[in-house]
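Order of writing sets the labels: A, B, C, D, E and F. Residues in every chain begin at 1.
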Amino acid sequence: MSYVTKSPWIIHYDGSSCNGCDIEVLACLTPIYDLERFGIINTGNPKHADIFLVTGSVNEQNVNVVKQIYEQMPEPKAVVAVGICAASGGIFKECYNVMGGIDTVIPVDVYVPGCAARPEAIIDGVVKGIGVLAEKRAAMDKKPAIMDKKPAATVQTEDNEEA
Amino acid sequence: MTIVLFLILFPLIAALTLLVFKTDAARDIIVKASSILIAAASIYLAVQYFDSKEEYFEFGNVTLSTLMMVIEICLAIIIFYLGIKNKKYLASVLAAIQTPVMVWFELNIGHSITVVNNLYADRFSIIMGLIIGVIGTSICWYSIGYMKDFQHHHHEEPDRRPWFFFLMFLFISAMFGIVFSNNLVWLYFFWEITTLCSFFLISYTKTQETINNAFRALIMNLFGGVGFVLAIVVLGRFYGILELNQMIAMGTMGINVVIPASLLAFAGITKAAQMPFNSWLLGAMVAPTPTSALLHSSTMVKAGVFIIVKLSPVLGWNIAGIMVTMVGGITFLLASFAAISQSNAKRVLAYSTAANLGLIAACAGIGTYAAVWAAIMLIIFHAVTKSLLFLCVGTAEHNIGSRDIEDMDGLFGRMPKLATFMIVGIAGMFLAPFGMLISKWAAMKAFIDSGNILLVMIIAFGSAATLFYWTKWLGKMAAIMAKRENIQSNVHKEEWHVLTLLTLLTIIICLIFPMISSLLIVPYLQTVFPSVSVMALSSGNMYIMSAMLALVVLLPLLFNGKSNRRIVPIYMSGANLGDDLTFRGSMQKDVAVSLKNWYMEEYFGEKKMNLIGIIAAAAVLVSTFALLLGGLI
Amino acid sequence: MGKRTIIPFGPQHPVLPEPVHLDLVIEDEKVIEAIPSIGFIHRGLEKLVEKKEYTELVYVIERICGICSFGHGWGYCHAVESLMNIEIPERANYLRTIWHELSRMHSHMLWLGLLADGFGFESLFMHCWRLREKVLDLFEKTTGGRVIFSVCKVGGVRKDIDKADLKEIVNVTRGMEKEFRELADTFMKDYSVKNRLAGIGVLSKEDALELCTVGPMARASGVYLDMRLTGHGVYDKLGFEPCIETAGDCYARCIVRIREIYQSIDLISKAAEMIPDGEIAVPVKGNLPKGEFIARLEQPRGECFYYAKGADSKFLERFRVRTPTNINLPALVKILQGCDLADVPMLILTIDPCISCTER
Amino acid sequence: MNLTTSIIGITAYLILAPVAGGLLAGIDRKISARMQGRFGPPILQPFYDFFKLLEKEPITVNKVQDFYVMCFLLFIIITGCFFFAGGDLLLVIFTLTLASVFLVVAAFSSNSPYAQVGAERELLQMMAYEPMALLTAVGFYLVNGSFNVADAVTSQVMAIQYLPGIFLGFVFILTIKLRKSPFDLSMSHHAHQELVKGLTTEFSGKTMAFIEIAHWYENIFLLGIVYMFIAYSAVWSPVIAVIVCFAIYFLEILIDNNYARMKWQIALNSSWVVALTFGFVNLLILYFIG
Amino acid sequence: MTEKWRIQNFIVIEPAQLIEKVQDLKADGYRLGQIHCTKISEGFELTYSLDKDHILTNLRLIIPEEKEIMSVTGIYWPAFIFENEMQDLFGVKFKHMALNYGGRFFKVSQQTPWNPKETEGKAE
Amino acid sequence: MASFKLGRMVMRSLFKKPATLMYPVIQREWQERTRGHIENEIDECIFCGICQKKCPANALTVDKISKSWTIARMQCIQCSCCIEVCPKKCLKNMNIYTSPSTEKVVDRYVGSPQESKPVPKAAPEEENEAVGEKVL
């Protein structure tokens, strides 16, 4: 069993969400829910994080940010989309500036439903994410050389839509 | 004795030759050849007098003395004229005071005193001779390349390089004179030559700023000169001696020589740019960098502390000793603080120089065996490391076009070799296994043992400040910035020679310092402090330090720059544009990230620190002399 | 530029719960210039008026922001009801007021926690949020949701609170008061906290007026401004008087919010006492919104505008929200200048930013 | 202390310090969590974190960074070794400074905004605690006539009797060194800081693991200095000293949970004032009575 | 307490009067509440809401789409928020804005989404 | 200089049982009104499609012909709007939430005389159909 399962550090990024899921993510860290029981720390720094919690959907402006945070996380990493906005754009799906769920930009491993997602659901989601992490870690052992093949630096500069 | 004479006279000959042969090629050859000769001679001197405790030479005759006097009068006239011409009347006044007094003294009292030993060589002067002979000449060597660039950058101005090299070698000659003269009149003569040389070297570019600063240096040093003259007069008139060793011997035998000692120490304080006279050293930074390296780090200011250290047996818990200790302590603390607020590399170096000289002075002022051990160690390490740093800054300035530390961002990418040298230099100034720290450690221990708790506090706080300003510079050097072009191929090869030499010296001296200590310093100290001999550092600790240094040097070699890790862009809150240098900023603009150091102006502002320091140090000086005068009356 | 450091602050930054970006120009740690940039959450949801019927739109409007959710729902319903000339039942008005004040409690406690987190007082943050959960439990009991209630609808409210629950609300909030007093004491009297808050980001009354600040931000600078004074809801019946402080610094803003929590507890008790029996909603069938109306509401963060323009159809022609953070942002730009880097999170937090409100 | 005891001291430190340090960190986190009304992580959590970090994909922002961090770890260990071998306290402090400088330079080398600001703050903290650290050594020297740690713990007198001021001052700077609130300026174990992760922003995976373990080593050695204040030749004193170490650590946790993070001005002012008052006055009195 | 929320006060003014009116109101102690825009067939309908003592006064002006209008940021600096927003989302043109983000206040997938241009290709 | 103002609460918390609800170990008790997920008593359902039309999040798909009622779980915002508009009141709010999943769960209820149980997982192609549509 990999140690990743015992100490999954998270990073939380608020896409274009309504804050509802964000405060529930934060609430998970607080005494009543206390994610630290599982060894989870909210690091706030992608380079330390194992699980990427995204709330809210992607829009024009934050798409590069989401991508960049994802790329800056070292392997193994998992993405948990919290709330239905992150899953599919939710109620804002039809808004002109919403591109859709997080999976339009980066691969999502776990979807946590709810509007806003309940802390219990987030805990469940993160625990599921831990499972994904363990699998990815095992896969890394098998073929350690194969990591992310894309050169990370090039992705965020593209700005085609603006012109 | 011949070799001592050679060391004093040969640079003079070289200087005059340089004034005659004005082509680049000839100059290159002369400078290189004489540098090698001088360095070799100083090493030979060290070897020759290695075993003997100290040697005194009867040398000199009336003609020589008269010649010196004539030159002195000429110098005074020159200063007087320059002062009038540039409306710096204070300089003229000071010159008009000291030289007539000196001439009067020599014609009246001086005649009647027989000076047996005009020259001498002991282990301390050998150390100084080595510093001047090796480091001083290597700075001249470095100047060959540097001054070519300098001329290139200032092509609109006339080529004054012959004059420059003349002054450099003249200066070296005078410095040798200072460290080998036992006759105080001679010492004074060389002392004045260095003062005037520094004036011309500082005002080399002849802009108004440089002339002003040169005058400031001149005036402050002339103050010291007045002190020196008074000391000679007092010694001659009341004690009937003119020989340095006799004076020190009297002091250690219990005869009160505190008045001449304080006057001489005062002269030392001005020359060593201690507060309240530190501003000349800062002003002198306008000069070409080799000048700064030669005059203001490794030699001229060292003449100031040299005389104080020489006097240290008669200092200690007397009023002269307390004066020197206090002034040194104040300078160390406040100059270290002031260095924090500086971003101009040369000014940082200048403040650091003033601070370290303060520490040396404080050690010498304490006047115990262990303290003087620390002082001499500091002199050695400081001379090597500081000239390395000055020269590095000079090279950097010519290649990146700025001497500001903040513009040296990413120097590691642009000039890796230079940056490495600089890192060694910086580390050498304050980090654990390197020399300066060892000396500081010894100094601290000496302070505690001497029971001077105020100094203990000063060194504790001063070192903290030192740590801050060096490390932030070190950080700038170490920063790896993306997309930096390597431009170090433009550097002259002479510059590389010297930088490499000094870097190696910095490391080697630290490695062999237990040897230096036991072979040179301890024997010297045993002669001047015959009674007690408590070592500042246990030999065990010394070897631990050397071993640690070896480790620090070996580690990078082992590491070898290999890394099989994936290199990723830096974290910029998710707004990195991918090149690690810009981020997507407000208004969707691409903003270049800019990382600068802290300067804490409101805490450690230069003006504030200088004001406090000058007032405090001046108060110490004034009250000391007031007490001395009061004692006389 | 000399010794100036320019760093990106956000969009992803752990100290900010929401993405906002600042180009921070600092010297040592002193902020010389801070240029804000928003837009990371802009969804354009006001434009959904074209796609959602006015009765459904309330669910969208509630999700402008998860913290001020209830207020948004109320504001929207209020505006639309005014367009349709509907007078909602008194009980519904009372219920809305109770929920709104509970929201204020939860929002302020959340804010206090975040503020504590902003100045690195982790245990204070934890205890604030621990206490806050009790309010959330009340929400869950009465509405079924923790942050988004979906109880407001055009014409009234969807759920009633029965007597027992009302009593529980009063008991729980009153019970919280004791523990909250300890937290409030820490905020108001603890040396280290006071040191971080007092004298930081001072906004004079003149500046507060000039920069058109609203809410606790304005009240902390001594501006007499509280939309509850306009008489919406049942505030006039409860005898409401706003909390005003005069210092205008972060500390004063903190005090204002703490006092408002106490005030909310009182208002809830009073409302629970005075609540009349009756219907909780009136039917809206056969009546379509037309004309225009601007409703204003005192959200936890301050005055909020809801502009609705009906087109005599099921779809509104225009709906617009101007949120308190929106108008407080210029003041933020102002107070950020000359502060320390360590104060930046503090200052951003003391305007209690709700970026998702601002950008919609 | 003779060679044998020195070697035993070093070996014990090398092997036990990370274990004890990790456990201490775990207990710290548990107690903190309890103080915050939370259940908290398992006691062994720091070890899980450490091994997890080792397992992560190795990434870096430049080639030299890892080297500096390795040096940091190495010299922290060497510092501790000097200390537990009974060496010179000043040497220990200087080596510690060297190690810390390596960490700062590692952060500088990344040339990344938050790491840089963190590094500046770390430097400032070093400047803040350095005088008091040196005065602590001076205090021991004045009491025992030697800088050697070995002489202090076998001394005839209990150091704290003579050095109460120095002890308080040292506990004060311990807050900085243990990176506890109110002085967790440059990097914090707490997540939400204006500097993201400050100094350690650019370190990840193994590098981060090394920093963690270096901190464990460092913490144990810092508590060793606390131990020095109490322990002397009396047989029972080591027991008391260990208890005091725990008490001090608990005090630090309590302080951590009761203070807001202060700004750098306060950090610098207060620790210098503490050094100037507690340290200086204590030393003065020692001079007078000694 | 009266029900002040019922008072709406929509005052229709000419675009040329705007600055003068706003200045007068500011001198009277009014505070800028909000500015918003509605796309109508004639162009834009702008509403400037000002508040004094919790009572609203709304200035209403209708301008053709191409017309430039004076910015009120000179009087009420915070208005830059609203003006930039309208500039980005509707394409209203302002003269002399104190702080002009130049169409980069919100980054949106299409230009002026509230007032889609035919030339921009397909609208909603 | 008042320090340790929080001290009492901190020390009390240290020795008290933590406030943490040990969630996965001890299950949460739900309130009666808790909005978790929507169930359809499919036998009652008349497939009128009002819920689909009114759903603000477009999470529902009703197909009268195949008698199916499909809910995209990862799109439902639990607003209970559908329950309110349902003429047959066959929709029910259950207070347990949909559990997180690695896929976007779509539940399809098919009403037929013989079969009255919900089919929790839909076939993949239907899933795509339900959630894959992109809205500009």
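By our rule, a residue touches a chain if its C-beta (ideal position, glycine included) is under 8 Å from a C-beta of that chain, and two chains touch if they have at least 3 such contacts.
Please read these numbers as outputs of a predicted model, since none were measured by experiment.
Chemist: By that same contact rule, can you tell me which chains touch subunit B and subunit E alike?
Modeler: Common contact partners of subunit B and subunit E, which must touch each of the two, are A, C.
Chemist: Of all chains present, which has the mean Cα position farthest from that of subunit F?
Modeler: B
Chemist: Tell me, please, which chain's centre (mean of its C-alpha atoms) is farthest from the centre of subunit D?
Modeler: Looking at centroid distances, E is the chain farthest away.
Chemist: Centre to centre, by mean C-alpha position, how many angstrom separate subunit D and subunit F?
Modeler: Each chain reduced to its C-alpha mean, subunit D and subunit F end up 51 Å apart.
Chemist: Report, in whole Å, the distance between the mean C-alpha point of subunit B and the mean C-alpha point of subunit F.
Modeler: Taking the average C-alpha coordinate of subunit B and of subunit F, the gap between them is 79 Å.
Chemist: With chain centres defined as C-alpha means, what is the inter-centre distance between subunit A and subunit B in Å?
Modeler: Going by mean C-alpha positions, subunit A sits 59 Å from subunit B.
Chemist: Could you work out how far the Cα centre of subunit A sits from that of subunit D, in whole Å?
Modeler: Averaging C-alpha atoms per chain gives centres 35 Å apart.
Chemist: Going by the contact rule already set, what residues in subunit C reach two or more other chains?
Modeler: Expected reply: 5, 7-8, 11-15, 29, 39, 42, 44, 47, 59-60, 63, 123-124, 126-127, 130, 145, 148, 190, 192-193, 359.
Chemist: Counting only residues that touch at least 2 other chains, which ones in subunit D make the list?
Modeler: Within subunit D, residues 33, 35-40, 57-59, 113-114, 116, 191-193, 196, 201-202, 257-259 contact more than one other chain.
Chemist: Scan subunit F for residues touching two or more other chains and write them down.
Modeler: Residues 3-6, 10, 13, 18-20, 22, 56-57, 77-79, 136.
Chemist: Would you pull the subunit D residues touching subunit C in the complex into a rising list?
Modeler: 32, 35-38, 113-114, 116-117, 181-182, 184-185, 188, 190-194, 196, 257-264, 266
Chemist: Quick check: in the complex, which residue numbers of subunit A touch subunit C?
Modeler: Within the complex, subunit A touches subunit C at residues 11, 13-24, 26-27, 30-32, 42-46, 56-57, 59, 61-62, 65, 69, 90-92, 94-98, 115-116, 118-119.
Chemist: Going by the contact rule set out above, which residues of subunit D touch subunit F in the complex?
Modeler: Against subunit F, subunit D makes touches at 31, 33-40, 254, 257-259.
Chemist: Going by the contact rule at the top, pick out the subunit E residues touching subunit C in the complex.
Modeler: Per the touch definition, subunit E meets subunit C at residues 1-6, 8, 10, 31-34, 36, 38, 47, 49, 51, 54, 56, 58, 76-78, 80-82, 89, 105-108, 113-114, 124.
Chemist: Where on subunit F does subunit D make contact in their complex?
Modeler: Interface residues on the subunit F side: 3-7, 10-11, 13-14, 16, 18-20, 22.
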